[in-house]
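Next come the structures, one after another.
In what comes next, subunit A is part of two complexes: it sits with subunit B in the first one and with subunit C in the second one.
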Partner chain A sequence: MSDLLLVVFDLVLLVGLLGVAWRCLASTDLFRAVVLFITFGLLLALAWVRLEAPDIALAEAAIGAGITGALLLVTLERLRSIVVERRRGQPDEPPDPAGADALLHALHDPPPPRRTFVPALTFALVVGGLMVTALWHQPDAVGLEPVVDEHMDVSGVDHPITAVLLNFRAYDTFLELAIVLIALLGAWSLGRYDRLPARPAPGPILPGTLRLLVPVAIVTGVYILWAGSHAPGGAFQAGAILGAAGILLVLARPRDLPMAPSSPLRLGLAAGVALFLAIGIVGLLIGPGLLGYPPAWAYPLIIVIEVAATLSIALTLVALFIAGRPAGDDR
Partner chain B sequence: MTTFYLVAAIFLLATILLGLIRVLRGPGSGDRMLAAQLFGTTGVTILLLLSMTLETPALVDVALVFALLAVVAAVAFVRQHGLPEPSGTPIHQRHGQKKDPDDDR
Partner chain C sequence: MNEAAPAMLPLAISGLVALSLALAILATVWPRQAHRIGGYGAVVVTASVLTLSALFLAAGPEPESAATRVALGGWEAPLGLMLHLDGLSMTLLVLTAVVGLATSLYSLGYVHDPIERRQFWPLWLWLWAGLNMLLLSGDAFNLYITLEVVSLSAVALVAFTGTAAAVSGAMRYLLVNILGSLSFLMGVVLLFGEHGVLDLVLLEARTEIGPTERMAAVLMTAGLMVKAALFPLHVWLAPAHGSAPAPVSAVLSGLVVTGSFYLILRLWMGPFAPLATPAFGILVGLLGVAALVWGSAQALRAGRLKSIVAYSTVAQFGYLLIAFPLMLVDPEAWKVVVFFAVVHALAKASVFLAAGTLQHAAGHDRVAEMGAILRARGRTVFALGLAGVSLMGLPFTGGFIAKYLLLEAGLGTILAGSLIGVLWVVAIAGGGLLAAGYVLRMVAPAFHHGPRDAGEAVSPWMDWVPLGLAVVAAAAGFAGTLTLHTLTLTPGAP
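Let's turn to the complex of A and B:
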């Protein structure tokens, strides 16, 4: 009975996912697309739960449903204020089909004329057919689970996912951290911090909410980091939660954002990658190979790397949210 | 009891799909955002029900994170699409923008 009900649940979830994804991509109103994207993140987290991947569900809940939604909303408002500014700049010119007006129309106005479905349908059929053929011949492999289980005693942690991410496949995690850092360098190279557009929010509700939420978010972030060694959790998820706390603080006072001192900020941003690399090189010099740890030291080293990575990820997410180097920082 | 939890989870998932009508139709941006916030709450409940059904205690953590972070989007929304900006604030002089009457979007 409950197997059948689970199948029903999965089917409803699948229909919802596909429908929301389709409406999100097809929506001409960008705000509606953003709200649909937030909904999509929520349904996707449920899908990861059903795929028995609570770690990914945790990351998706933190990043997909929370941070990305806020980021997209702020970006939309920024885009709007840029367009409005441009339009006010040249009031007497006739509307330019490729100019700011066109952009404003694209932001808010009704859809362009309907196109034919034939090319899209053909494309979907061909790609779908290829995927079915490719998956048809996949053998029913058990995956790497037995191998991981066999070596859990040398990994230093009790949670197989953390063991894979920070010990067996530390390369992947290291490079992921490097990519996050490079993304921030890319954002910073584009320019200086620009003031976030913000409306006044009168009344005690917003400050009160933040006062309650930010400490809870910090405690939860530290808890998720700590849980990573024996249960779903870990540096990326914890970093995302702490980053969300930082974003809440940014949103609380976008006008007079206190600027972080630049040297500690840079140190914190690079801490995860730097420490990971340093420990990896030490591993290379004393024996177990690049990014390998001596089994007796694995647990403390993994904890140290995770703490540094959490700090870096949280800071990077907040910095990416603000976008641009801190004002008055010309190094 | 498991069956009851699962039926409840399916029912809640169906209410999310029904609530999508508000997101798609609007009319105001507030309606859309509130629907998404409601989905967040429903999602927390579904996760808790699933954690009982599938006997995965870790899902409670996912529900906790969900409950915490759904607020971030709401706060961003209030900040960006809340009350119209009064003229004369610093950001106006920067962007040279006046009070916008169509801020219900």
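Let's turn to the complex of A and C:
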């Protein structure tokens, strides 16, 4: 019986995913599209759980739905405040939520012209059909699991995914950290920090919630980081959770953010890649090769790298939320 | 043969990757000194690439044993991922180093504002490191990530000036690029699902002709064609170039698109080789002819200096597409194609740097109003003309040798009894005429009578570097034998 229930659940999930994705793309209201995108991310995380990939599910929920959603929302809010500014010519007033409704349509995404609909649909159907055909012919490949299992005893950790990410294919993970950093460098190159278009929420609710939530988030983040060595979890997920806590703290006092001094900030942002590469170069010099560890040292080194990476990811995500480079950076 | 060279080679390869990454991280952490880190770093990276190439040539007497594979972290494929160096990647690494060095020196003069400098250099060093890693990667998924490093830093550099035009050009570049990346990634996923390995050499050994391979080939090639701005997927090229800083344009048209093309070539000479059929080759060749005609027509019509050069990239890359059917008849022709891409990258980078100097002096780049500046800045116009002559393919330049070899391959196709070979030969020869048209459009005003006006002062770097690079591009013909010899050291290639 439970098998049948699971099939029904999967089907509902699948239909829900497709439906939400379609609504998200078809929505002409950008705010609704963002909310639907977040919903889509959460459903997708569920789908990953059903596909028995809890690591990806965690990452999808924390980064795909959580952080990306926050980034999209703050971008939308910035756009709205720019539109309001233009209309009213009052650059210093933050947008008034009640009056903003009338201006909302300025942010509407006009529906695409009818004539592109048929070609786009045809293209999607052809490519989708070919993909399905290709997947249909795929064997149930075993992938790398047996090879990874053979080498688990020398990897330094007990969780195969962490072993692949931080030992066997550490180079890929290093470059992924670098990509997050490059994204921030790109955002910083475009301009200085602009005040967030949010007003501090009046009343005790936000500060009270924060007081409860931030310690919980920190404990959860540290737990997920530590759990990564033997269970699903790791630096990216932990970094996203800590980053979310940071974003909440930023939102608590959006008008008077304390700005971090430039040098320590940049050091913190690059700590993950810098430490990773430094350990990797030591590995090159003493034997196992670039980005390799002596087996006896693998566990402590991986933990050190993961801690630094978590810190850098969390800082980078908060900095991306704030968007511009801090004024101290130009001095 | 040097006995120590083969032993040193793996260390040198890892060292080059580590060095380029370390420079990028150092510049990120210490932006105030980023221009010094970048300036000296460029010299050091170039020196180590040249050392690496010397080691490579000394170590690889046998073409079949010439690929050096380095297991990162000591984990061999399929468990770990391997760096892969052969004649093809070595040639392009040297090209990247030469253009990278020239661009870095030029940028010392071009990006002079202390605040802008701090933003520019870290991004540029990441881009360079990304290119080096892309050329050294031998693993399908790792290639995707290095492509992302390259694309993301290139997008940020295109948006660098922060004007509305620059940001919208960069946004278009970003969206098109992400589409290309996802397409590439989907192909990688299909291949991994079928064969369970990601290493290109292992994949090549396991590939047979099946629906998965076909679909993966289409997805990966289409993704890379977007990134290489190959016709008809070049829509991002002109807007991205229009407002990008000159050194960024030089790197974008010289190296980034060439890197994506390198990957297409590598895939079709490796895992996808069994899939190439004559009909497919002719289709690609026809796209190339269309690119040549359309790109040249746009370049002849464009009103701005940088647009002319950007559209000429679309046109010149048409040759690379035309080369595909030639390679099916004469497999040896791939070396000519690479040589052509190298010469094109050198000449194109130099044209963009020269155009940047002229634009800086004039304050704009509207061709119709640049006569006075062109007449006063003989050195830069000479650089523009010299590199342009190489693009046209006049005798004694690198471009001439490349085009001559290409024509020879085309005539070989006709002799082999292929009627459509006539079209390829006509296109290759006619493309040179069209190139002459748009190059002359850029330099001709310098020979008219009229007022002279040197415009704004430019730094000595901006004055001399384009000329130096143009001389290298023109003289590249003399390095033809060495390049072709290096390319023969690519195992698995004909």
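Quick note on the criterion: the second predicted complex is superposed on the first by the 298 of 331 C-alpha atoms of A that agree within 3 Å, B and C clash if a C-alpha of one lies under 4 Å from a C-alpha of the other, contacts with A are read in each partner's own complex, and residues count from 1 in each chain.
Methods note: a contact is a pair of C-beta atoms (placed from the backbone, for glycine too) under 8 Å apart; a residue touches a chain by one contact, two chains touch by 3 or more.
Small disclaimer: the values here were computed from a predicted structure and weren't measured.
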Are subunit B and subunit C a fit on subunit A, or do they clash, once the structures share the same frame? fit
Figure out whether A:137 sits in contact with subunit B (first) or subunit C (second), or with both, or with neither. second
After lining up the shared chain so the two structures overlap, which partner does A:42 touch, if you call subunit B first and subunit C second: first, second, both or neither? first
Scan A:242 for contacts with subunit B and subunit C and give back first, second, both or neither. neither
Angle at the Cα centre of subunit A spanned by the Cα centres of subunit C and subunit B: state it in steps of 10 degrees. 150
Can you tell me whether subunit B or subunit C touches more residues on subunit A? B
Just checking: does A:8 make contact with subunit B only, subunit C only, both, or neither of them? Give me first, second, both or neither. first
Report for A:69: first if it touches subunit B alone, second if subunit C alone, otherwise both or neither. first
A:58 contacts which: subunit B (first), subunit C (second), both, neither? first
Contacts for A:185 in the overlay, against subunit B (first) and subunit C (second): which applies, first, second, both or neither? second
Closest Cα approach, subunit C to subunit B, once both complexes are overlaid on chain A (Å): 19
Subunit A contact set shared between subunit B and subunit C covers none
Okay, in this complex, where on subunit A does subunit C touch? 130-131, 133-139, 141-144, 147-148, 151, 167-172, 175-176, 178-179, 181-183, 185-186, 188-191, 266-267, 269-270, 273-274, 277, 280-281, 283-284, 287-293, 329-330
Subunit A-touching residues of subunit B, taken from the complex the two chains share: 2-3, 6-7, 9-10, 13-14, 16-17, 20, 23-24, 26, 29, 32-33, 35-36, 39-40, 43, 46-47, 50, 53-54, 56-59, 61-62, 64-66, 68-73, 75-86, 89-91, 94-98, 100, 105
If you look only at subunit A, which of its residues touch subunit B in the complex? 1-2, 5-6, 8-9, 12-13, 15-16, 19-20, 23, 31-32, 35-36, 38-39, 42-43, 45-46, 49-50, 52, 54, 57-58, 61-62, 65-67, 69-71, 73-74, 76-77, 81, 84-85, 88-89, 108, 195-202, 206, 209-210, 213, 216-217, 220, 224, 227, 231-233, 237, 241, 244, 247-248, 251-252, 254-255
What does subunit C use to touch subunit A in their complex? 11, 14-15, 17-18, 21-22, 24-25, 28-31, 70-75, 78-81, 115, 118-120, 122-123, 126, 133, 141-142, 145-146, 148-149, 152-153, 155-156, 159-160, 162, 167, 186, 190, 192-197, 210-212, 214-216, 218
